[in-house]
Structures are given as C-alpha cells and as structure tokens.
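Presented sequentially are two complexes of subunit A, the first with subunit B as partner and the second with subunit C.
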Partner chain A sequence: MNIASRKHSQYAVVVVFGIVALTPFLLLGISSIAANWRFPSVLPSEFTLRAWSYLGSSASGVLPSVGNSVGIAFIVTILAVLISLPAARVLALNRFRGKRVIMFLLILPILSPSFAVASGSHALSLRYGLADSLAGVIASHLVPTIPYCVLLLIGSFTRLDTDFEDQARSLGASPLAVFRHVTFPAIAPGMAIAAAFAFLISWSQYLTTLFVGGGKIQTLPLTLVSFQRSSDDAVTAALTLTFALPAVIIFMVVAGFFKNES
Partner chain B sequence: MKADKYFILILTCLFLLACNRADETPFTKSDLEKANWPEIEQKARNTTVNFAMWAGDENRNRFFRTEVAEELKKRYGVTLNVVALGDTAEAINKLLTEKQAGKTTAGSIDMVWINGENFRTAKKGDLLWGSFSERLPSFALYDDDAGKTDFGTPVEGLEAPWQRSQFVFAYDRERLKDPPRSTEQLKEWIRANPGKFAYPAPPDFTGSAFLRHVLFHFGGGSNKFEKFDEQLYLSASSKTFAFLNEIKPYLWRRGENYPNSPSELNRLFANREIDLTFAYGAAFASEAIKRGEFPASVRTFVLEDGTIKNYSFLTIPFNASNPAGAMVITNYFMSHEFQLRQSVVLGSIYPHDLSKLSDAQRASVTNLPRAEATLAADELEAHAVPEADSAYLERLEKDWRSQVLLQ
Partner chain C sequence: MVKFKKITLLFPAAFVVLGFFLGGLILSAANSLPSPTYARMFADPEVRAAFVFTLSLTALATALSALCGTATALLLHNLARGSYILRTFLQIPLSMPHLAAAFILLSLIAPSGLISRLFVSVPEDFPILVGDAFGIGILMAYVLKETPFIATVVLATLARTGDELDSVAKNLGASRWQRFRHVTLPIIAPATLFSSLFVFAYVFGAFEIPYILGRQYPTVLAIVANRKFAATDLGERPEAFAIAVAMTIVAAVLAWFFLRLGQKQGESEKPLLF
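Moving on to the complex of A and B:
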C-alpha cells in the first residue's frame, strides 16, 4: 500500500467516526427547532425557535441555572485539584502500610450507587448545617470528583522523577520555585485532565445537587431532568445541547493543550 | 486574574448567605387554631414560599414563574419560588432523609403538589405538617368528596384538593373513523387491528391506570373498589389478566415490548405506529396539538363505562419554614379566580362543584373557551368514575408482571 492510499483510508476512518459522533447532535439540533416532525417525513415540515426562546426567557430559569452550574463546577474543580495534589503525590511516591485500604476507601464513592452517595451527602450536610446552601452543594460535589482527580494525578506523579526536584533544591531553589519550575511542568498534562474530569463530573451531578441543594440551588441537570420525563421533544433537545456544550469546549481545550505540548 | 475575581465574588456570596439566616418563629398547629384568616394572610406578608412542583411542562412553568408569581406578590406580598422537580417522589425522599436526620424546622420546601402513592408515603412517614385544608376559605368550593380520600388514603385535612384530572383516550380522525368506546369493543378492535394498540408497562402511572379500567369493567364498576377486598380483587384481576393475555399477541410488537412511559406511548401514536393513545389528563391531546406533536385532527373520547378521575392536592411538609405563606398561596390556587385563569392558560379542567358557585361564577365557567380536542366539562363529569384504593394498584402492578409480562 502506498502512502497516498494509506492517507486516504485514514481520512475515511476519521470521516466515519466524525459522522457517527456528530449524528446525534445533528438530530438534537433539528429536534430543537422542529414543529411538526412525524413519521414518515424525513425532515420536519415546519421550524420554530419556540424551544430556544423558552430557554432564553426568565420563565424557564435556564440562564441562572447555567450560571450556577458553571460557578459550582469551577470552584469544585479548583478545590478538587488542590486537595488531590498532595494525596496523589503521597500515594504515588511513598510506600506505607495500609496504602491499599486508603486507595480502596478513596475510590469507594465512585464504586457506590449514586443514590447512596447522594443520600449520605444529604444526611451529612444536614448534620453540619450545610443543607440547602451553595457551600453544601460544592462540598457534596467534591465527594465523587476527588477520587477521579487523585487517580489521574497518581499517574502523573508515578512518572515524576523526584531526583530533579532534589537537584533543584540542592541548587538553592525555594519549595515554591521547585514546584513552579520542576514539579508543575511535569504533572501539568495530568492536572489538565484531572481538572477537566472534575469540571464535567460536577457539571453532571443530579441527585446530590437535588438532595443537598434542596431545589434551592438550581443547576442545569435539574432543569434538564424535569423536561426529560415530559414529552416536549424540542425543549428537551435544546436543553440537552446546552448541557453537552461544555463537554465539547473542554475536550477542545484539553486537546489543544496536548497539541501544544507535543 | 478573572478567576480570582470570580472566586472572591463566590466567597463573598457564601459569607452573605451564612449571615442572612432569617429569624425563625415557626407557625405551629396551635397558632393556626387561634388565628383567623386575615391574621394568617398578615403573617404571610413579605415572606417567600418554596413550592415544589413537577416542572416538565413549558406552559405551566411559564405561567407559574411569571403571571402567577407576579399576582401573588401584588395580592399578598408573597414571593413564589418554584422548586422544579422531575418527579414528586424526589421531594418525598428528601423529606424522609430530613426526618431521619431530625431536621424538624426551617425546611427548604413549604408546599408540594402531590397525590396518590406519594401522599400515602408522606402520610405513613409522618412527613406532613398537619390538618389545615378545611380552614381554607376556598375549600368550600369543592365537591364534598374531593377532599376526603386520595387513592383510598383518608386525607384528614393533610392536603387540600387542587386540580381535577381525568383519564381520556385519543385517536386521529384522519386514520380512525369510529374508535372503540367500551372494554369489549376495545378487545374486538385490537384483534381486528393487530399491532395498533399498546399500553405502557406498569408500574408506569398511565399504564397502571389503563389496567384499572379493565379491572373495574370485570369487577362490576369502580364504586366497588373503594376499600380493598381480597375476594373481589382475585375474581376481577383473574379476568383482567385473561383479557390482557388475550390481546397480547395483537399488541404493538406482539406484546414482547411495552412502552415505558406515556411520552413513549404518545410518540408511537404521533409516528403512526399505533392508532390509539391515552393519558391521565383531559387536555393532553390539545396540548400536544399546540406543541405540534400531534396533528390537528386528533380528538379525545371517554369509555361508556366511564374513565377514572382524580384530584391532585397541595400539601405542607412537616418542617416547612413558612406554613402560613403556603396556606395563603394554596387558598389562592384553589380559588374560582385562579382556576378560571388556569383553565384558560393551561386548558385544565375546571375543578369546582358548579352548584357551589354564584350565578356569575357559573356563567364564567360555562363560557370558558375550550380546545377542540378537549371534551366538555359536563361530558367528562358524566363519564367520571372515582379512583380505587391504592392497595389495588400495588397488587395489580405486581401481579401484572407474573401473570402477563412473563407469561
């Protein structure tokens, strides 16, 4: 096989994958503006912006809930990465008794059914007076995000050669300078992935937000789920696209980050 | 830099939230006994009521969040905050956890739209504030039976009747000239039109309601099912399951798959896979036509034996922060004025006993505009039968699995 035809087949694969990945979004896009779309017509007979104008109106509460979702996910991401960094470092570089037990406890929240985690978070938030508050929702989102962040960062720290840190230190670098110039560049790709994960996990939390936020903290998943069970396809499609948007943006940002790295 | 600013902003907000704990003087049952209605209205002034309601309907959300909220602010100085639920059971689960954790005051929900099994769970779990509905002035507008039982569970004033709903069937006049109007005719029609009928698999609410119509038919009428009776259940349910097994090979996909929800059923109907659909809501077809989901030639009908009607209710949780505000809003929601407006905006059935209205009020109800696919209120009422004890529901849903699904 010559190079040109190999290139062609590579393109073909990319195109097929692209179509497979984009078709659901395309269908959602059409659904969100379709007025009369029934079998056997291939395309809707009428189009309307009803669903999108509803999403933009104050009656839907979508805009404030997007704001809440972004704000909460942003804070959760920062906190989760900050909390996970030291934990991941110790777990990756040190050997000690009970390490396996700690690892197990750490990933327990993502192994348990989400209903149990949500109920437990709610009970705890009630005990500590965090129920129905933004702080409580943020704290409860940390429960499923930290395990992922730690696991991802352990990978980065395992590949970190601590001798470089020691060399920097022996040359008189301050701890902060060591982190900035040696540790951070080494683990930055892992941190980016961990942050992306944390953001998306927080972004998609439903039950915990509902329980701990008590409906007072309205996020996008809450609005979306209440429509999923109705038969209003247009609004559900528009909400689903809004919900999927950050995942696409984050994927592109992270992908761009790696392109620059390599 | 921008991130820092955002972080500081959020921290400030958190701090303000923490400081802004309102002083709590809860309104108790003894306060309610002492107070007269104007005093309760006074107590509710300048408060916020958190109203948990199913929020899967664009028109309803818009109506409550804009027009209704503005009216309540103007009339009573009460701020209405709609807490959007995907399913009322979520609110009940939350209250159960709060009960277990001992959070008996300052709860986050003041008012819940509820009925049936959720009410039974809430009552059994002692999750409700107490008896209040008979104190509301608007209560007198409802039929005497409306506030007595909810799916066989005695209400005892714990919730106030709000909306009336009735099960109706829908068909497309362009596809079907003469829809079947009794259980026996339905059987013949299904056999003659294989693959054109389906019902959602119980325990789906709508599928389960369809089963009860068949149960009532074989049990000699719905009024026999007000209290659970084992003998009646056994004889009527065996005939019901025989009926369902008889039609099974003629169902959509030969009864090997069932739709999971009313929205799936309606989608099959809209896509012409099936020729009949149904829902627990007399205006459902008109709403679907308005959204462009059903063609304009769709009409609804009720069975000659009658179809089930029920009421949905408004209740106050045990740990509500603002019971007085919830009562004021509940009373307004039950009023003639509100119900009339709601019928216009959402197409809901007007729920009051017409004989209890003034002449002018009655005239305004008769003159209500009505979408073509919604039946007239008197025709609905003439074919309305009451709900069964919810013990029948549970048995029927459970036995359906073994007797029909797995047969």
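Moving on to the complex of A and C:
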C-alpha cells in the first residue's frame, strides 16, 4: 500500500475509533438536557436543565454520593499505592520460597467474582464491627485494588536498576533521600498508573460498597442503580455522565501524564 | 534476619489482602456449611440453569472479544502504529466503568432506545436485545467493553517486538499468510491467551452488566447468588455462600493457569503487564 492511501487508512481508522469512543458521552450529554425525548423522536426538540438542577439539589441525594465516591476512592488510592510499594519491591527484586503462593494469593482476588469478594468482606466486617461504616467500605475496596497495584508496581521495580540506589547510598545519602532522588523518579510512571487503576476500581465498586456499607454509605454506582428504576431518562443520563466522566478523565490524565513506552 | 525483613515489608499488603479476602472466604465457607448445602446447590435447577447460561455466555463473550480484540490490534499495528490519539481513544472504553457502559448500551439497544427509533415505527417491532432469554445485550456489552482491553494488551506486545523478523521473512519470500502464521501469531498468541483468560475470569463472575441488561431467568450465577443472599427466607443464604465458594474455586483454577502463563512470559521477556 502506498504512502498516500496508508495515510488515508490511518485517518479513517482514527476517525472511526474516535466516533465509537466519544459517541457515548455525546449521547449521554444530549439525553441529560433533553426534555421529553421519547420514542420515536431520533433527536430531541426541547431542551432543559431540569435533570442537572435536580442532581445538584439536596432532594436527590446525589451530591453526598459524589462526595463519598470521591473521598473513598481518594483514600483507597493513597492507601493502596503506599501498601503495595514495599510488597511489589520485595516481589520484584527477590526470589524466595513461597513467592509463587503469594503471587497466586495476590491474583486470586482479581479473578474472583465480585459477589464472592463482597459477601466475604461483608461477613468479615460484621464480625469486626466494620459494617455500615466508611472505614469498612474503604478496607473492603483495598481487596480488589491492592493486587492490581502490586502487579503494576512489580513491573516498575523489575525495570529499576538497584545499582543507582547502591551508589547513592555509598555516597552517603539517607534512605529517604535515596528514595526521593533515585527510586521515586524511576517508579513514578508505574505509581501513576497504579494510582489510576486503584482510583478507577474503587470508583466503580458496586456490590462491595452495597454489602459492607449496608446501604448507609451511598456511592455513585449505588445511586445510579437506584435511579435506573425511576425511569427518568434525563436524570439517569446525567447521573451516568457524572459517574463515567470523572473516571475516564482521571484515568486518562494520570496515565497520559506519565506516558512512557506504551 | 534478611528473611524476616522481607516478610515485614510484605506484611501490610499481605495482611490486607489475605486478611480480608481469605478471611472473608473462610467465613463464607463456614456460612455455607450448615446442612447439605453443596448437595442442594448442585441439585438446584436454578443454579444449574445459571451455570449453563453463565458458562456459555462467558465462553462466547471471551471468544468474540479475543477475535475482535486481536484483529483490532493487528489492524491498528499495521495502519496506525504509534498514534497517540488512537491510544487515547482506546483508553476511553478501557476506563469506562462497566456499570456506565451497561446504561449507555441500554439506552441504545432497548426496544424504545435510540437505534430502534432509527429503524422501526413501534417499539414492539424491534428485536428484544435486553432482558432476553439469550443475553444478547449482555453479550454485546461484554464484547464492546473487552475488545479494547484485549486489543490494548496485544497491541502492547506487538509494539514491543520489532519488525525485523517480519522483514526477514518477507525477504526470504514468505507470503502474507505465512508471515502471519509463523511470525506474528506466535508473538501475539501468549498475549491473546493471557488477556482472554483474564476476560473469562471476569465475565464468569461479573454482576453489574447482567443485572442491568439481563432478566431474572435465565441469568448468571452471580445474580442467583445475590438473590439467595438477599432473600427474605434466610435459609437460602448458605446456598449463596456455597455458590460464592464454588465460583472462587473456578477462579482459583484460572488463577493457576494465569500464573503459569505469566511465568512463561516472564522467563522469555519482560513482564506482560505494562
């Protein structure tokens, strides 16, 4: 294929993918500001901000839900990355007996059904008095997020050249300084991706939050599902947009900010 | 002394994951033990139907996503390599929460949805794609969501390997098909397998998409388990835990395969994950 037609093909592919990727947001946006957009109208004729103002009002209970989602995801992200760092380092740089078992136990929560993880976390939180609490929900979100963070950070640490650290230490740098000036810059991209994943996973949790939070802790996924039954299309669309957009944007910003080779 | 230090470093992560997950699992198993729960579960027609439904849905969704994902990766690698915009476009469906994807698809393919409005005059004329007995809508949602995932993983592998092998083969006179079968395929096969295993495990246990796009019967195991868990008849709860334990055993088997594949990859080159 010659250069010109290849360029055309490349444009076509990018455009098609762009349309497929961005159309959902366009549809949600239009639906959220449409008034009475029902069958058979392909395009809405009237527009209103009713759905959005309802979302922002205290009557809908959406704002506390957003606050919970953001707060929980934020704390889960920080905790997950912090806890995963030492574990990933040990797993990446050392060989020891039982490593396979630990890797297996790390992968298992990721591959297990969310119902199993959620009901298990629920049973556990009941036993230790964490049920219906923010702390319990945060702790239960750590189960699906930490394995991902550890696995991602293992990749970063595997690529790390410990010689630089040794050199810095032999030159008299404190462990903290070594981390700040040698280790951290090297693993920062991996940390960013791990953080993005942790945030996304916590943000999207449904069953876990429902079971452990007992319905008392409302997050966006829970609110979205309960609103679906209201059959108010505009409000559902607005809520879906509120749920989907931050997740996509945060992920892309963090992952894109630290783009390295892939 | 060094060994002790290593374990201490692993301890917080291990404690959280092991503690919460395994502890929860053990408690679930304990909760599932009163009375012959497992015998009851295996004989329960609802569970059996759900198992068949879940397995076929998962197998089909994984196969289709693997096919489309690999094909997409090859297409993108050949036509639009290194395109930053394209990578960004691929990241969007990846980071889209499954629940949101379900709602978006619902508004598109429901009988009174957008696509139906383009083609028929009354909602009843549009084929039933959501809440149907075959889970077509559910299947569509999974394929749309997991194809970009598999494509991304395979694309990463393709990007890592250079063109040298392919050029050499071309110079030696190999045809397109020969190059694909003997050069490209062995390179992407592990990546496809790896990501397909992951998709299989996820879809098998997933709850949200069938919940929004499916119906009460037949449905997936996760929803049956949830229903028994929340049932007013508390006698059904042990069975819910039994289903959870059984599904986790399936996940454990898949995890073992996953680990084996990952180790084979790790021995030959850099870790597959990013």
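In this text, the second predicted complex is superposed on the first by the 236 of 262 C-alpha atoms of A that agree within 3 Å, B and C clash if a C-alpha of one lies under 4 Å from a C-alpha of the other, contacts with A are read in each partner's own complex, and residues count from 1 in each chain.
Operating definition for what follows: a residue touches a chain if its C-beta (ideal position, glycine included) is under 8 Å from a C-beta of that chain, and two chains touch if they have at least 3 such contacts.
Note that the structure is a prediction, hence the values are computed from the model and not measured.
Taken together through their common subunit A, the two structures put subunit B and subunit C in a clash. In the overlay built on the shared chain, the residue A:Asp132 is in contact with subunit B alone; subunit C does not reach it. Legend: residue contacts after superposition of the two complexes on their common chain; A:Ala35 is shown touching subunit B, with no touch to subunit C.
Touch criterion met: A:Gln228 reaches subunit B and subunit C at once. In the overlay built on the shared chain, the residue A:Ile146 is in contact with subunit C alone; subunit B does not reach it. Judged by the touch definition given at the top, the superposed model places A:Val81 against neither subunit B nor subunit C. After overlaying the two complexes on the shared chain, residue contacts for A:Leu22 are found with subunit C alone; subunit B is out of touch. Contacts of A:Ala123 after superposition on the shared chain: both subunit B and subunit C are touched. After overlaying the two complexes on the shared chain, residue contacts for A:Pro113 are found with subunit C alone; subunit B is out of touch. Taking subunit B and subunit C in turn and counting the residues of subunit A each one touches, the greater count comes from C.
In the superposed model, A:Ala238 lies in contact with neither subunit B nor subunit C.
In the superposition on chain A, the residues of subunit A touched by subunit B in one structure and by subunit C in the other are 38-40, 119, 122-123, 127, 225, 228, 233. Across the interface of their complex, subunit C is touched by residues 6, 9-10, 13-14, 17-18, 20-22, 24, 27-28, 31, 38-42, 83-84, 86-87, 89-91, 94, 96, 100, 102-117, 119-124, 127, 139-140, 142-143, 146-147, 150-152, 154-155, 158-159, 190, 193, 196, 200, 203-204, 206-207, 221, 224-225, 228, 233, 236-237, 240, 243-244, 247-248, 251-252, 255-256, 261-262 of subunit A.
Listed in rising order, the residues of subunit B touching subunit A in the complex are 3, 6-7, 10, 13-14, 17-18, 50, 52, 54-58, 61-62, 65-66, 81-87, 90-91, 93-94, 97-98, 100-101, 103, 108-109, 261-263, 266-267, 270-273, 288, 291-293, 295.
Contact residues of subunit C toward subunit A in the complex are 3, 6, 9-10, 12-14, 16-25, 27-28, 31, 75-76, 79-80, 83, 85-86, 88-101, 103-104, 107-108, 112, 114, 116-118, 121, 123, 155-156, 159-160, 198, 201-202, 204-208, 211-212, 221-222, 225-226, 229, 240-241, 243-245, 247-248, 251-252, 254-256, 258-259, 270-271, 273-274. Across the complex, subunit A meets subunit B through its residues 34-40, 46, 48, 54, 57-61, 71, 74-75, 78, 119, 122-123, 126-127, 131-135, 210-211, 214-216, 218, 222-223, 225-235.
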